[in-house]
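Take a look at this one; I'll ask things after.
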Amino acid sequence: MRRIFCVAQFTFRELIRSNMLYIWFLSVVVFSALAFLLSILSFGEVQKIFMDLGLVGMEFSGLLVLILSLAVTYNTEFDQKAIYLQLAKPITRGEYLLGRVFGFFSIISLVIIGMGLFIAGLVTLVGGGQVPVLFVYSTLFLLIEMFVLTTLGLTFQMIGTSMVGVVLYTMFTIFLGHGMGQVDWLLNQKLAPTVKTMLRIVHFLLPNLEAFNLKDRIYDPNLVLGWTQWQEVLLYAFAYSFVVFLIGWINLEKREFM
Amino acid sequence: MNWATSEKPFKYAALSLTTFFILQVFLCVNLDKWVHPEPFESSQAGQLDPKIVSSLRAAALLSGYKVLVGHVFWIRVIQYYGDGSNGADHYAKLYDYCRLASDLNPQFLPVYTYGAAALAYQQNRMNEGVELLQKGILANPTVNNLKLMLAAMTYHNSEDYAKEIPFLEIQIAQGNAPTMLVNILANTYTKAGRIDDAIRLWRQILQTTDSDVQKYEASQKLKELYAIAKKNPSEKDKS
Amino acid sequence: MTTPSNLAIHIKGLSKTYKTGFWFKPKITHALNNLTLDVYEKEAFGLLGLNGAGKTTAIKIILGFLAPTAGSVQVLGGKISDREVRNQIGYLSELPYFSRQHTGRELLEYFGSLHGLSGSKLHRRVDEVLELVRMSKASREKVSGYSKGMLQRIGIGQALIGKPKLLICDEPMSGLDPVGYKEMRDIFIDLKKMGTTLFLNTHIMDEVERVCDRIGILHGGQLREVASVSDILQSSVHVDYWVDVDSQDASRLAGTPFQKSIAENGGVQITGSSLSETLNLLNQRQVKTKGLRPLSSVMEAYFLKSIAGQSSTESGRASK
């Protein structure tokens, strides 16, 4: 356990010093400006627009931090072989990978929560409005999503043989994962059984990121978000990341360091 | 215990992999109930270019940023209505634009209030305005503003202006109404014969507005109204 | 499988084949060919070989970074996958690399914590090691500003942080300046005195002579021989000598079987001879010698003879 924490701490420090927080700053500026512009132009509901765009910005900056971190650490760990010296130490490869996941996740959480607080502060203090509880829930869902994507990205890092490959796999999966909602919808339509089976396989293999996409439904009056839904979503996230983590771990164990 | 390369952990790993895969199948099926994307209601593009419509929908649905795309598209709708050159065909695409914007962002109320007001009062396309409001009410059953507006519009349609006025008044008093609704209320006062109220409201608009267009409109209306009021001083005594 | 308890590394029938290139045009490299080697506890063993001989490959297999194509390795009586075994090993890779954002001290603290150290124990050990590798001063600077030699020192520092019983170094002297080189050599000699088993990959003969007890010569993936350093130094390996003589004396040496060239300023190179033979020759011809020095070390000559001696130079390699 201690060793996992050490790897996480080491990773966190490395990423923070690689100026990942500039991304946070950049996102805050860009999305605040965008939100400001849109709210001026769109006749009303300024705070709603601000929160909507804020959530988008939070996800965006989280993804950006994830992808850049994957690229940066792929370079140091695998291209420059910094991983050799670590794996020669009395730490198992599973511990190393888990430490990396937590290190990544902590900096991504920092960025997302920081931006969420900024937006909530702006809405309540400057706008004098109220932050709906669903805004907070959306942020939590975003964090769950980021955990799944972090395990996934790092697993790709364990499998991939080039930095570009790792980044592309991850971005592609994020894109397809958001399309899973449409696959869900398609599966409820009348389709040929073979097509349906294929879709089921795709649906099963790729992460269903729409399950975590509360931000697009934050004002939906038909939204039911009870204990069962929380359980399902959390369990899904946990099961998915666990499977993905195991695949990454096995790959790291079997990886030949040429 | 040694969890590194020895064989034993791999048995555990394989075991847990299968367990979790099975769990995941179950969860995938269950999650369908949670992730239930509503298919877009209006399947046809109407007067809009179907290519643009479908690519916009694809962008919204596949990127996972439906709300963002909706907000940005809504700005495009406003620009369309704000551009005088589109007035040549009386903003023919306005209704389809509003429908598409509400598809992308069904809980964003300005689409309905602004869109319906523009369609029904300014362009005299009452049916389309009512349809848009209906859609909004169905998507946001708890929002009162839309219902008030529908009631007002129904009375307006049957030229029952006196009954229309309270609905507009309540809505404006509640805030969150598009500014053009204030103009509409002032005009409705005139139509209902409440010249004094109309003058009061236009004056208020003249004092508070920043828009030159609105200032000009208000001063024009006030001139007309003063003329009517002089002709008909008995009205003044009543109030 | 049992091994004598005094074996630090026990390598048996180790082979490694690399497959590179495209699937339709594979290129196969036999980097190691049936390597069998024992390293005893508390000895310093040097694995010598030219570039591409397979030294790094051997170390990577010992440390579990590569899976052998055939054969087996035991380290400190156990498997490298065992955490306890790795706890007793220090490893310094060829050109060690660290992520650039940490200070030297932070790096050593990290590696120390991977060894299970924490708290004041960790800090004390880090201070000790920093002192040992002479990096105390720069320890709070970021690694990104370090020179090659400083990186190498932090590298050896992280290898030593867990007080290893067995230290495995891949070309530890490469890229060091003379001072750094001497310091590193002193560190190795100290470690040997303290009873640490050393396993070094190298092609620097001076280092081998002063540090190692035994050497193995690897060529083309095959182990040519294993010998003790003191035996080699006492053996009568033929070395080239340079003899400083006057030019008229030089002519007296003409025609001798050992002579290779006569230089302008009156020096003579005597090829491939032992010291006694050379002295005898000079005596016989009554040459007045102004100076005599070997042109290479015994170690180097031994190594060169060893890799040239047995037939093919391409023995371990084949393509397609």
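Labels for the chains are A, B and C, by order of writing; each one numbers its residues from 1.
Assume a contact is a pair of C-beta atoms (placed from the backbone, for glycine too) under 8 Å apart; a residue touches a chain by one contact, two chains touch by 3 or more.
These numbers come from a predicted model, not from an experiment.
S.K.: Consider the two chain pairs A-B and A-C; indicate the one with the greater count of contacting C-beta pairs.
M.R.: Of A-C and A-B, it is A-B that has more C-beta pairs in contact.
S.K.: Return the chain label for which the distance between chain Cα mean and whole-protein Cα mean is smallest.
M.R.: A
S.K.: Using CA atom averages as chain centres, what separation in Å is found between subunit B and subunit C?
M.R.: Computed from C-alpha means, the inter-chain centre distance equals 77 Å.
S.K.: What whole-Å value do you get for the distance between subunit A and subunit C if each is reduced to the mean of its CA atoms?
M.R.: Taking the average C-alpha coordinate of subunit A and of subunit C, the gap between them is 47 Å.
S.K.: Whole-Å distance, subunit A centre to subunit B centre, using C-alpha means?
M.R.: It comes to 32 Å between the two C-alpha centres.
S.K.: Would you please write down the residue numbers of subunit B that are in contact with two or more other chains?
M.R.: Those would be 2, 4-5.
S.K.: Quick check: what residues of subunit A touch more than one other chain, meaning two or more?
M.R.: Where subunit A meets two or more other chains at a single residue, that happens at 92.
S.K.: Going through subunit C residue by residue, note those that touch at least 2 other chains and give them in order.
M.R.: Residue numbers touching two or more other chains: 64, 83.
S.K.: Which of the residues in subunit C come into contact with subunit A in the complex?
M.R.: It is residues 18, 60, 63-67, 83-84, 86-87, 89, 91-93, 96-102, 106, 110-111, 113-116, 118, 155, 158, 162 of subunit C that touch subunit A.
S.K.: Any idea which subunit B residues touch subunit A in the complex?
M.R.: Touching subunit A: residues 2-5, 9-10, 13, 16-17, 20-21, 23-25, 27-28, 30-32, 34-37, 39, 61-68, 71-72, 74-75, 78, 106-110, 114, 139-142, 176, 178-179 of subunit B.
S.K.: If we count contacts the way the header does, which residues on subunit A are in touch with subunit C in the complex?
M.R.: My answer: residues 2-3, 6-7, 10, 13-14, 17-18, 73, 76-77, 80-82, 84-92, 256-258.
S.K.: Could you list, by residue number, the parts of subunit A that touch subunit B in their complex?
M.R.: 38, 41-45, 48-49, 52-53, 55-56, 59, 92-95, 175, 177-182, 184-185, 187-188, 203-204, 208-211, 213, 215-216, 218-221, 229, 232-233, 235-236, 239-240, 242-243, 246-247, 249-250, 253
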